[in-house]
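For reference, the structure I am asking about is given below.
Order as written gives the chain letters A, B, C and D; numbering starts at 1 within each chain.
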Amino acid sequence: MYSFRNDYSEGAHPKVLKALTETNFQQTRGYGLDPLCQKTRDLIRSLCAAPDADVHFLVGGTQTNLLVIESMLKPYEAVISAHTGHVNVHETGAIEGTGHKVIAVPSPDGKLTPAMIESVPELHSDEHQVKPAMVYVSNTTEIGTVYSKAELQALRQCCGKHGLLLFLDGARLGPALACGDLTLPDYAALTDAFYIGGTKNGALFGEALVFAKPRPDFRWHMKRRGAMLAKGRLLGVQFQALLEDETYLEAARHANALALRLRDGVAALGYPLPVESPSNQQFPVLPNEAVTKLQDMGYEFEVDHAVDAGHTMIRLVASWATPEQAVEDFLRDLASCK
Amino acid sequence: MYSFRNDYSEGAHPKVLKALTETNFQQTRGYGLDPLCQKTRDLIRSLCAAPDADVHFLVGGTQTNLLVIESMLKPYEAVISAHTGHVNVHETGAIEGTGHKVIAVPSPDGKLTPAMIESVPELHSDEHQVKPAMVYVSNTTEIGTVYSKAELQALRQCCGKHGLLLFLDGARLGPALACGDLTLPDYAALTDAFYIGGTKNGALFGEALVFAKPRPDFRWHMKRRGAMLAKGRLLGVQFQALLEDETYLEAARHANALALRLRDGVAALGYPLPVESPSNQQFPVLPNEAVTKLQDMGYEFEVDHAVDAGHTMIRLVASWATPEQAVEDFLRDLASCK
Amino acid sequence: MYSFRNDYSEGAHPKVLKALTETNFQQTRGYGLDPLCQKTRDLIRSLCAAPDADVHFLVGGTQTNLLVIESMLKPYEAVISAHTGHVNVHETGAIEGTGHKVIAVPSPDGKLTPAMIESVPELHSDEHQVKPAMVYVSNTTEIGTVYSKAELQALRQCCGKHGLLLFLDGARLGPALACGDLTLPDYAALTDAFYIGGTKNGALFGEALVFAKPRPDFRWHMKRRGAMLAKGRLLGVQFQALLEDETYLEAARHANALALRLRDGVAALGYPLPVESPSNQQFPVLPNEAVTKLQDMGYEFEVDHAVDAGHTMIRLVASWATPEQAVEDFLRDLASCK
Amino acid sequence: MYSFRNDYSEGAHPKVLKALTETNFQQTRGYGLDPLCQKTRDLIRSLCAAPDADVHFLVGGTQTNLLVIESMLKPYEAVISAHTGHVNVHETGAIEGTGHKVIAVPSPDGKLTPAMIESVPELHSDEHQVKPAMVYVSNTTEIGTVYSKAELQALRQCCGKHGLLLFLDGARLGPALACGDLTLPDYAALTDAFYIGGTKNGALFGEALVFAKPRPDFRWHMKRRGAMLAKGRLLGVQFQALLEDETYLEAARHANALALRLRDGVAALGYPLPVESPSNQQFPVLPNEAVTKLQDMGYEFEVDHAVDAGHTMIRLVASWATPEQAVEDFLRDLASCK
C-alpha cells in the first residue's frame, strides 16, 4: 500500500541519482567552492534573470530559514509570519534559538496580506519591544495554498513602505511554480531572499537559496551554524540535474496533477476538502471509520486534526514519485469504505 | 502638575534611603554574599514560611524574567504567557534572546486559566515543535487585574498535571498582596519561582527572587548575563528596610487606595473604566479633548490606545509616593474638562 | 594531476552509492525514524558492544560537535580542547554560537593529557568564571596523531575524577581505528559521546553519533539547530553499507597505507616530516621552489605554514579513493624538483 | 580591621548619596530619558570634547562589556583580549553567552601591543574561522598596570590598519586618569567605545558608556539584555555628582596615593611586588605565615596565587574610602609579622 505521508518519502529523481553517480570520482574542493557548484549558481542566476544574485546551497529548510533570518536581522529584530508558518510552529524554536522573536499573525489560509502586516509595526514603536524587520512567507504555504503574482507584489510594496525585508520559504517552490503565475524572475525581483526547494521535489536533499543582493558574509554564518556541507558539490550537481532542463518543473507538475486527481476523486465521493489547495497537498475530511479502514489497509498519511466527534481531516501528499496507479487504488479503496 | 505615568517616577521610600545612608560605610564583600544580604534572605524565607527557599536579589524585572526562564528551561523548551504578558510584549525579545520561544495565549483580562494552558501542550507533541515547560503569570497583571488564591491553586494543579513549571512575575507583587487573598507563604507554596518587586514599590531598584527549591547554580547564570550587582548589599539593605516591618505592604496599600480614589472619581464623572482593576493601575476612557486638556495642564500619563474616533483609554498609576492632594487636584481638573 | 587536498574530494565509495541506488524507491517516514536507520542503529550498538547506546545520524562534523556540546552542557559550562582542536579553530565560533566557551589548552601534538586538563578546573572555582564540564578530543587529531588505548583510559579516569564529560570527535575515526589499538567497544566504553565519521571515509556525507547513555531529548536539540535531515534514511543506508562488512575499515586502511607510502617516499628524498603521524594526513617540509613546482604541475594540497624563509610545511591527505599510481607519480615528480 | 579586598566594599561617596537624597522626590520618566540623565550626558560630552558622542548609562561592568561587544559585532565576529582580560576570565562566559568568541592573547603585564594583535587576523583568513573584529583593552588593567597615551595611540593605529574596533573597559578609569597621561578627550578620540567606571570609584553603581559615534539602536540592545534601569535617573544623578567637579578624579587620586603608600611600605619591609602597578591595586608577595597572621588579625584581601611553597601573592586594593590610618595600621601589623 502507498504512503501519501509526505513528498520526501523516496530518495531522488533518477536523473539526480544519475548525475551524482557520473560525477562521483571527480575531485573537487570542498564547501561549495567547486566548479560544479559555480556552474549551477550561474544557471540559477540566469533562470532568475538576476545576474547579481547571490546563490548558496544548503541541506535543508529549517537550516535555511534560521540562517536567512539570523544573517539579515539585528539581534533585537523580529520576523512576522502567519501563525501557520513553518518557522512559527514546526521548527522547535529554531528562530528563537538564534535570538529572534517570531511575531505570529493569524491567517485563515496560511497566507499573509498587507493588512495583516501593517497592524504589527505600529504596535512595536520603541525600544521596549522587538523591531519587526522581516516578513516571512512560504509558497506553496504549509497548507498548500498559493500566492498569486498580484498578492506577492502587494506584499513587496507593503514591505518597502514599512522598511521590512521579504523572505520567501520555497521548500515547496516547485508545486508553486507549477500551478501559479509567479516565475523564478518574479521571485528574484519581488523578494530579498527566497529558495528553490530540492528536498521535496526530486533531490536527495538541498535548497538553493537566492539573495537578490550579494551577501558577502553569508558563508561565515553558514559555517558557524554547521550548515556548510563538506562535499558541497553534491548540492550543485543535484540542482544542475533538476534545473538544466524541465525536470524540476515536470516533477512538480506531476505531483500537483496527482494531488488534484486525489482531490477530485475524494470530492466525487462526497467528502469535503475545506482547504482550497491547487497544489500537491490536499486535506480531505473523512468519517473516522474511513480513516481507520484506510490505515488498516496499509495506507499512510498524516492525521491533521479532529474536525468533530465523527470526522477527521487528513493530509494527502503527492510527489514526483507517486504512481498514478497508487492514486486510483486509493480512491477505489476509499470508495469501498462507504 | 503631577505625573501618573508610572510607579517608578520617584526615587526610594525614605526608610530605604535612610537604611542605605546608615550602612554606607560598612565594608562588605561584593556580589550579594555579605551579611546584610544573608540576613534579608533569612527574613524573606521566614516571611514566606519557606525555610528551604533559595533567595536571590536582582536589579530589575526583565533581567529577572530572562534569568529565571533561561536557568530553568532546556534550550528547546518554551514558556506559556498571556498575550499581554510582559515577557511577550514589553521586553524587546529578551526571552527569545536567551533562545526560548514565548507561546502567547490570548487572554481577555491579562490572566491565564487552566483551560488556556491545556490547549497548548497537546499541540506540541513531538520534536518538530518546542516543548512547553513553564507557565508565566504576573500578579498584579500588566493591566492591574489580580489572581485569587483559588485561581492560582487551579493553575498550580494544572501545571503539576502537565509537568509544567509555574513562574510568577511579581514586579507589582506589593499591590497584589495589598488587595488580594494571596499571602507570601501562598506564593512560595504555589509557584516554582516568584519575585517580590521592589522597583515599583518603594526601593530605588531591585527584585527579590524566591525559588521554592534550591537552585545551586543560579549565581553562574546571573553572572553570565551581567546581572550580579557588585555592591550586592544595596539590594539586601533595601529589602530589609521594606520587609522588616509593614513598610512594603503599607506602600502598596497607599498606592492601591489612591488608585481606587482615582477610579471612583473618574467613574463619578461618568467616564467608563473597562478594565476591572482593584490595584494601582486604572484605565479610564476619556474624550480626546479631555485627554489633551489634561496634558496641556501638565498632567502626565500613558496613552493606552484609541478606543474610537473620539475616545482614548489612558493609564493612571498611583504609587507609594503619590500625594492625596495630587489625586484630588486631578479629579477636580478632569471635572473641569467637561 | 591529483589532489591531496583532503579526504572528501570525491563522492562516495561505490558500495555506498550502490546502496543508495537500490533503496531509492523504498518509501519511508522522514527524519531518521525509518526501518533502514533503525537497523543501522542496531548494527552500531552491536559493533560497539553497547546495547544501551543512543545512536543519532547527522550530516556533518561541525553540526555534530555543536549539538553534542550544546545538549550536554548547561549555559555557563565550558569545554576544554587542545588549542589545535577543530572546535577551537576551525568552526567559525560554532561552539560560542551556542553560548559556550572553549577553553583552549596548548598541546604540542594535538592531543590532551590529564596534566593539561587538571590545570583547568582549579582556575575556575566560582561563579565569576565558566565551569569546565567537558573534555573534547579528536581521533585522529587535526594533525593526524592518534591516541592509544592507555592514553584514552587515562583521560577517562581524569574526567571521572573531576566530574568532566569526555567527548571524542571521530570525523577521522576510520584512520584511527585502522592504525591504533582502540576498538569501537573501547570508544563506547571510554567516552560519554563519540562519532563514527562517514564524510571523510567513504560516505557522501554523515556522522554516526554514539552516546553511551540514552539522551531522550537529543532529537529536539537536532531539530532546533536545523540538523535533522528530512530523508534521514540516507544516513542509515550509507552507514549500513560501510559498517555491515569491512568496508569502513578497509577504506581507512587504504588511506593510511597510501599516506605512509607518501611519508616514506618523502623521507627517502631527505625531506623532514616533523609531525609523527601514523595516519592519512602527512606534513612534509619542502623547499619553497619544490612547492611551487608541484603546484605548477597541477598537484593540489594545503599549505600549512611557512617554516622559515625558504621552507614550507604542506599537508598531504590520502583517502579511500586515492589511487596508488597517484602517489607514485607524486613521489616521482617531487624527486624531479630537486 | 580593614578590608583591602576590593574598591567596592563600601557604599557611595557622600556627595553621591547627597545628590540621590536631594533629587529623591523629583518625578521623572523612566529608563534614562529624564532631564537629569540628559544633563549628565551633555556634561560627559563636554568633558570628552566629543559633541557627537553617544552616552549611555549602565549598572555594571559585565553588562556593559557584553552589550558593547554584542551590539558592535556580527554573530561570527570575535574580540581580541589579553589572556588576563576581564571578558576572558572573569565574566562566566558572558561574551560567549552572546555568541562571540574571545580570542585570548598571552600578555606579560595585562596590556596588549600592536604586535600581539597583528598575529591574530592573519590566522583567521576565511569563513572556517571567526573574524577578529574588535580589540578589548582595560585601563587600568586587571592587574593595575596603565596604558600610556603613546601605547593607546599605537593600538588605535593598528586597529585602523586592520579594520578592528577598539573598545576600552574603564571599570577602573578613575585610577587610570589619576596616574596616567591619557585624558577623557584622548579616550573619546582614540577608542570606538569606552566607559567611565562609577562602581569602583565612588558611585553606588554605574558605568557611563561613551561611543565615539552615535549608536541609534543601542537602547534596543540594552533592553533586550535586561540592562535598562527603570529609574535610570539614578545613574544620571550619580555621574553628575562625580563629574561636575573634581570629585571623580580626587576619589581616584586618593585611592592611588594610599595604594602607593601600601606599596612603598611593603617594599620597605623587604617584600617584593613583582607587578609594576602605579594604581590602586598592589600585589605583594608575602611569606605564607605573614598572610595567615594578617588574616587572623582580621585583615581582608584576595589571595592571588601561590608563588612557591612558602610564598603567596596577595592583592591589596585601596579606594576613595580607604582611611590613611587603615594603611598605616596594616603596615605596622605587617611589620610585626616578621
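Going forward, a residue touches a chain if its C-beta (ideal position, glycine included) is under 8 Å from a C-beta of that chain, and two chains touch if they have at least 3 such contacts.
If you're wondering where the values come from, they're calculated on a predicted model, not measured in any experiment.
Undergrad: Count the C-beta pairs in contact for A-D and for B-D, then report the pair with the higher count.
TA: Taking the two pairs in turn, the one with more contacts turns out to be B-D.
Undergrad: When the centre of a chain is set as the mean of its C-alpha atoms, what distance in Å lies between chain A and chain B?
TA: Spacing between the chain centres: roughly 42 Å.
Undergrad: If you average the Cα atoms of chain B and of chain D to get two centres, how far apart are those centres in Å?
TA: One centre to the other, that is 33 Å.
Undergrad: Need the CA-centroid distance for the pair chain A / chain D, whole Å please.
TA: Distance between chain centres: 51 Å.
Undergrad: Which positions in chain C are in touch with at least two other chains?
TA: If we look for residues of chain C contacting two or more partner chains, we find 75-76, 91-93, 97, 99, 127-128, 220, 223-224, 228.
Undergrad: Indicate which of the five shapes (line, ring, star, complete, other) describes how the chains touch one another.
TA: Shape of the chain contacts: complete, all pairs touching.
Undergrad: Quick one: in the complex, what on chain B touches chain C?
TA: Residues of chain B touching chain C: 31, 70-71, 74-76, 99, 127-128, 131, 217, 219-224, 228.
Undergrad: Taking the complex as given, what residues does chain A use to touch chain C?
TA: Touch residues, chain A against chain C: 2-3, 5-6, 8-12, 14, 17, 20-21, 23-30, 59-67, 91-94, 97, 199-200, 204-205, 220, 223-231, 234, 300, 321.
Undergrad: For a test of understanding, state which residues of chain D touch chain C in their complex under the given definition.
TA: Spelled out, the residues of chain D in touch with chain C are 75-76, 78, 89-93, 96-102, 104, 127-130.
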